[in-house]
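Next up, some structures in structure tokens.
Note that chain A is present in both complexes that follow, paired respectively with chain B and with chain C.
On to the complex of A and B.
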């Protein structure tokens, strides 16, 4: 009889869950992996993702079913008979009770089949796939800009203080105050219509032309990044001020360490933990921001897809995108946790 | 978004170390910031320097509207000016509303009574899958079309469809229909014929095209609901009419973004709206416009009782007349629509327009109060009203303005706004509301108007009543050789009965690049069809 070893993953799974690793050839490697702090973080996140996905999918299904109208209304418009509406509802399965519709969707979703749009007939996975690139480009681009400009502004403000610092603060605060859709429209007028530097609308796939891809992203990324820049700059400044006032920095200065080393090896690394936290929040916020920015710049992304699907009562698409966005949030949180473990050794030990 | 707070008790206000040993930090920070700016500027410059160009002897056509085309099946979708690219119609409607041969070279009513219609097909037309467009194919498609669930499916009351030889088809109708050439042309899609091969698997009609038009959709360059790319149909019977190497239709929901795209040359044409037309004109764009619709208040419940069992004021003619006298159409039309609308109390139709009835109810609040008092409502009443918020200027602002005028004669409007068609439609079809703000377009025939709203088999019997006089006018007119006579009488009847509170006509707008010609339309054609456009 092959003995089995219980490995309690206290840090990796919710209370009371035990994973049983057998005594096969992979068992030692699995045991090592189970004890690894990074694996614990990943395991915990992945296990928590399951109930989260269930809750999100069920609640989005319920919320959409509570709104007036449905896909039959959208398809037929106002000039149709009651019989036509009823017939189409039957054909689309919209006459079934909500829980039955949800369970039907769930059964298929568990096999990887997210269904097809009742409006376009396109499979949901294909619809998401087609629109993923613009949204991801937008989010990744905005995150990069938020980090580069936000950290830069935050550092500048913390280091310089005075008028220049206050100016940097003011710029960051402006980012909070200006809505992305408004600044987007203004950017179009200035940089697309008047200066003709960038296209006013649309998305060019990177495979078609990397340069045109970049051009198509400049204005939407600029509009979407403002909030992230403001958040990162404020957090960087606050964190840097705290760290720079701490004892170990005073000691470093007293020991004559070079300023660059103090700033980037000691101060910025310590200050980056709360900044990373903010980045996680910003990344999730960007998901929502894409809805407005994609709309203003007419980008064929997931934000526009889910808004249109909601307005049209296209349940399968709303469900699919909600699940996808939830997965993105889970991945972002996982990345943040991993970043913590890299930045802060105490997390690894814990 | 939440802030991640950090302790602030020991912070300094800047990196101003008392020893001064870190002064290099200032220089470094500035340098780094300048470096970042330089990199960003370089990227911008690189992007600016790059331009895209297109190859090919024929140019591309790019146009857009706010409408998200989501289904390419003409038996379901109603975006006729997009589908016309791929689906040739049996009869073509020219921009001025006259008819021209398309898949059918000739057509006529047979006998009297407008119940039999004969079409002779051209012999050289093929669908984009290569199948010939013959009488059997047309018959098969029309049977499919009329059995589908689309909004236009029941417009033509087919009884039987007969083929005579390979190129002739005879439509036998269950009731008289005097406007078949119109119904078989582009605006109603009934004349868009698809290949019989597609009907073996109709689901594919959603994402692929099977028409006999000049173009066909290229699914590999298409994102449903966002943009559709059409490429030339090698089987189109008039290759000289294919003037573009590629046609792209895009959905741009934001009117200002659409305008910017036309201004910057990203689009050759765009379907504009009231909110941007003044800017488009100021920017020097060519604006093509036609009076294709009307706006006002539809009175949904004219039955004797309201839903809660109370006497329904709208069942009384003097009350409806009072509501019509209560609104100052000239002021409303001028303030909301400007030069792109005209005040009217008659819904414009293609065949029933009566200029003498378009201002029957001149603004007269005193008379309105008098009529209300005479009808037993000296203190007015309250109406539950829907508003189509999603129509912009002709949504909430229109209903709120009407409400202000009604309020002056004692009639209060309890307004429910609706953000989307999906939100509005169930309430509109349900019994709870007595009126709705409404914008209709394109303009249609008086007979189709009757069939949609007033006849015994109307799509929406929102009035909860019947008018035997109107019914008789319809029946007699539909059978006559000169249906326009009764069309005018029908519309006059609707006005004198104060069936609605129509306020103004309204135009639609297209913004057109100077490089594009042929974009023209009228109330009769409803839309400009891109099959007519050409590069300049």
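On to the complex of A and C.
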């Protein structure tokens, strides 16, 4: 059982947003904009994004304030004097109450300043920026592979049915069952150690050599994609079976539309709505999976950054990555919502 | 979900009936049984192994004289880099792995189930709060958030797995809420409330049993997620301090030695994969067992040979445009039994009968549109001399739309919701008439005018959901006309529409018939429609034709008791003020067709002979047939 995502059509319909628009000269235009479905979708996501970011940052901040040793401890080490310690605490603002520290952090975060690593002193924003490319390549690549292979597998299973279809289902289930960090290691053994087709570990920037960049990504993307392929295949299959059983498909057949058009235009178009919805869930899953996969393949990305920071107690970095990942999820969800609006005309009515 | 009259089990909207036999039904499935047995075994290992193999946790558990040994009798799964027995470590490591999963699962269930039930059962603000929470939770990247918590509580598995549980709970809440909602609407729950049984009683007695299936499915899914997370964090060295063994930690140990010894990652990796697989399969089995009764037999209809027995060769010389000869259709049981009738060019024929008599199945079979396992078991469908029942799907494709148009009873769902109306018409036109895009567009507008839609240009730009039922039916008719068919099959085209719209659609059909000299085969149970438009009438009962006649003659004097009873029960004809006469009893389902005349148990004229042997369809007068041995008494 690859999780079947329960798609709630009405939930995706943006509503419940009441904006008060005055009677100014721009009022009619504003009102039209507020009624525009895309504006409503964006608005709804943004309204959700604000509390989301606050929840994530505030709760992580609160958690961090619970730690026994604070950043001053980390920086000075065990041999510092009490005065050194107290003055650094003051300098870092650690002597202030938690809520003031948080507001201080928040003010800076809004300008893109997420603090600095207590180990290296590098700013968190910079640390994230430097390690963004491998992570982004890995996630975008895996998302692409998940969609292409997953939709293909799901379509095949739904259309062919029978034994071939069950085989496709079993493949998807197997893909879901193997953890990415383990299959990653197995891929290294087979394709890097035995066959030496691909490098075992490491990352080559695309600016350095596009071919080597691709080669360094093949195995990690393969390891990370299995989960996405399984989820997309499952959803595609279920959605296609649902649509193929629907009356409008029967009537399209009844009126002689060719099978190809029925399957790949009418059925696939309608089935793509739930598939797109599951992509949001898959993207969040890939974001988690990349943390494990980067560590298997020693890709210098955000996953390696956050794990090392966590093991070293470099809390500002951990927190910064968490906030950044949340931002990514928000952007992904917004994109999914827009795609959904485009695919499903029933949502588009204002 | 009730069984439809065709003996097909419908899919969708099923409830998670958790009858007492549920567990037994589940364990009867070999796969489910195997999964349960495996998971129980794991729990046993987790309890016993650390006690039975106390040395495995120790710093110096290994034997440095025997490192990197492959599987042998002494070490069934070999030894690792410091000579420790891999099997021992795997078994002992089961405990910490399962404890982590259990911690997360417990939190999810404790938080998710009650909140979901409350939201579904009480609704209101609790419901909105759950919806909002789950929206938020779905947007939190859980893994990285767990890492935040691990940073604060280094090495604390309890903190990590609790966090995971908290983050997963809103998802479960939402699913439980959706499962609770329909239960709450059910009559017996309302009755229990009215009867003064307290809410706790209703919750415990009626709702919890009904959501058990959903919760088990979700729990097995969430357990697999927790297992991936636990082993993953252990792999990263964030949860379990070495040298204590854990599955994830063993994969990590093996990964460090990939170039030396590729074997070491296999045992822990497979243990994780098999456990996830078992959880997934168990979840699937629970779902299947709980929904067993309402699943359609197999996925999409495969177009296997459509007719079980080869038909006789088409006999030339039949004058009729469409000639159905001895058509029998079966799903699990036979539902249409030897139906014959003709439709002449330009003629309008009505098929009349109560619901469940096989009318819709008959017309679906003509175009090879039988759902699911339905197939033509016998008979021929001659159209312009060609036997449609013997045609391949591809051959039928040429007839559908081009020669025979089809309009269904549910206009609102008969058009593709994702495409504009005009686009769908153009697609049909381009396919059937092989015209250019521009020509198709112009022709589509013309067609919309033909079906009397005001402002066709605007309508063409609309999506189906933006049109009313009557308008959609006009569009559906327009599409059926796109290929300029000689015959239009309309399956209760007005059933879903309100009365004034019905009349307009009928007027349109009459007009089209006249202007295009198009034959119409109309399924209906409305005598008004028959009187309005039909030349000939075919009366069906329990899968058979019981009477065929010209419409006018039939109204004047029905020659079958069923026809007479049907006519008498027509609200248009009943004397005002009197109670509407009805036919006693119901149409028997195909599995329960009585012997002899199938109508005789409900027939006022039945005599002993009626129940003894099957009655044939006999010629009564010129152009009239009836399946009744006492028709002469009706004629008199």
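Going forward, the second predicted complex is superposed on the first by the 273 of 350 C-alpha atoms of A that agree within 3 Å, B and C clash if a C-alpha of one lies under 4 Å from a C-alpha of the other, contacts with A are read in each partner's own complex, and residues count from 1 in each chain.
Operating definition for what follows: a residue touches a chain if its C-beta (ideal position, glycine included) is under 8 Å from a C-beta of that chain, and two chains touch if they have at least 3 such contacts.
This one's a predicted model, so the numbers in the text were calculated from it and none came from an experiment.
Engineer: Between chain B (first) and chain C (second), which does A:193 come into contact with in this model arrangement: first, second, both, or neither?
Structural biologist: The answer is both, since A:193 touches chain B and chain C.
Engineer: For A:161, using the defined touch cut-off, is the partner it touches chain B, chain C, both, or neither? Pick first, second, both or neither.
Structural biologist: both
Engineer: Could you say whether A:321 touches chain B, chain C, both of them, or neither, answering first, second, both or neither?
Structural biologist: Only chain C is touched by A:321; chain B is not.
Engineer: Is A:253 touching the first partner chain B, the second partner chain C, both, or neither of them?
Structural biologist: both
Engineer: Considering only touches as defined above, state whether A:98 meets chain B (first), chain C (second), both or neither.
Structural biologist: So A:98 meets neither chain B nor chain C here.
Engineer: If you stack the two complexes on chain A, which partner ends up touching A:281: first (chain B), second (chain C), both, or neither?
Structural biologist: both
Engineer: So in the superposed three-chain picture, is A:178 touching just chain B, just chain C, both, or none of them (first/second/both/neither)?
Structural biologist: Only chain C; A:178 stays clear of chain B.
Engineer: Output check: A:76 vs chain B and chain C. Expected answer is one of first, second, both, neither. What do you get?
Structural biologist: first
Engineer: Once the shared chain is lined up, is A:313 touching chain B (first), chain C (second), both, or neither of them?
Structural biologist: Both chain B and chain C are touched by A:313.
Engineer: What is the shared patch of chain A, the residues that chain B and chain C both contact?
Structural biologist: Correct list for chain A: 67, 158-159, 161-162, 165, 185, 188-189, 193, 200, 241, 244-246, 253, 256, 258-259, 281, 295-296, 311, 313.
Engineer: Within the complex, which stretch of chain A touches chain B?
Structural biologist: Residues in contact with chain B: 67-70, 73-82, 84-85, 87-88, 91, 117, 119-122, 127, 130-131, 148-149, 152-153, 155-156, 158-162, 165, 185, 188-189, 192-193, 196-202, 204, 209, 211-212, 214-215, 218, 227, 231, 234-235, 238-239, 241-242, 244-246, 253, 256, 258-260, 262-263, 274, 277-278, 281-282, 285, 295-298, 300, 304-305, 308, 311-313.
Engineer: Give every residue of chain C touching chain A within the complex, in rising order.
Structural biologist: 11, 131, 135-136, 138-145, 147-152, 154, 174-175, 178, 217, 220-221, 224, 228, 231-232, 235-238, 248, 251, 254-255, 258-259, 262, 265, 268-269, 272-274, 276-277, 280-281, 283-284, 287, 296, 298-300, 302, 367, 369, 371, 393, 397-402, 405-406, 408, 410, 413-419, 427-428, 431-432, 463, 465-466, 476, 479-480, 482-483
Engineer: Could you please specify the touching residues of chain A with respect to chain C in the complex?
Structural biologist: Touching chain C from chain A are residues 1-3, 6, 8, 11, 48-49, 51-52, 55-56, 60, 63-64, 66-67, 158-159, 161-162, 165, 173-174, 176-179, 181-183, 185-186, 188-189, 193, 200, 241, 244-248, 250-259, 261, 266, 269-270, 280-281, 284, 287-289, 291-292, 295-296, 306-307, 309-311, 313, 315, 318-319, 321-322, 325-326, 328-330, 333, 343-346, 349.
Engineer: In the complex of these two chains, what residues of chain B are touching chain A?
Structural biologist: Against chain A, the touching part of chain B is residues 1-8, 10-17, 19, 21-26, 28-30, 32-33, 36, 43-44, 46-48, 50, 52, 64, 68, 70-71, 76, 78, 149-151, 153-154, 203, 206-207, 223-227, 250-254, 256-258, 260-261, 263-264, 266, 419-429, 452, 457, 459-460.
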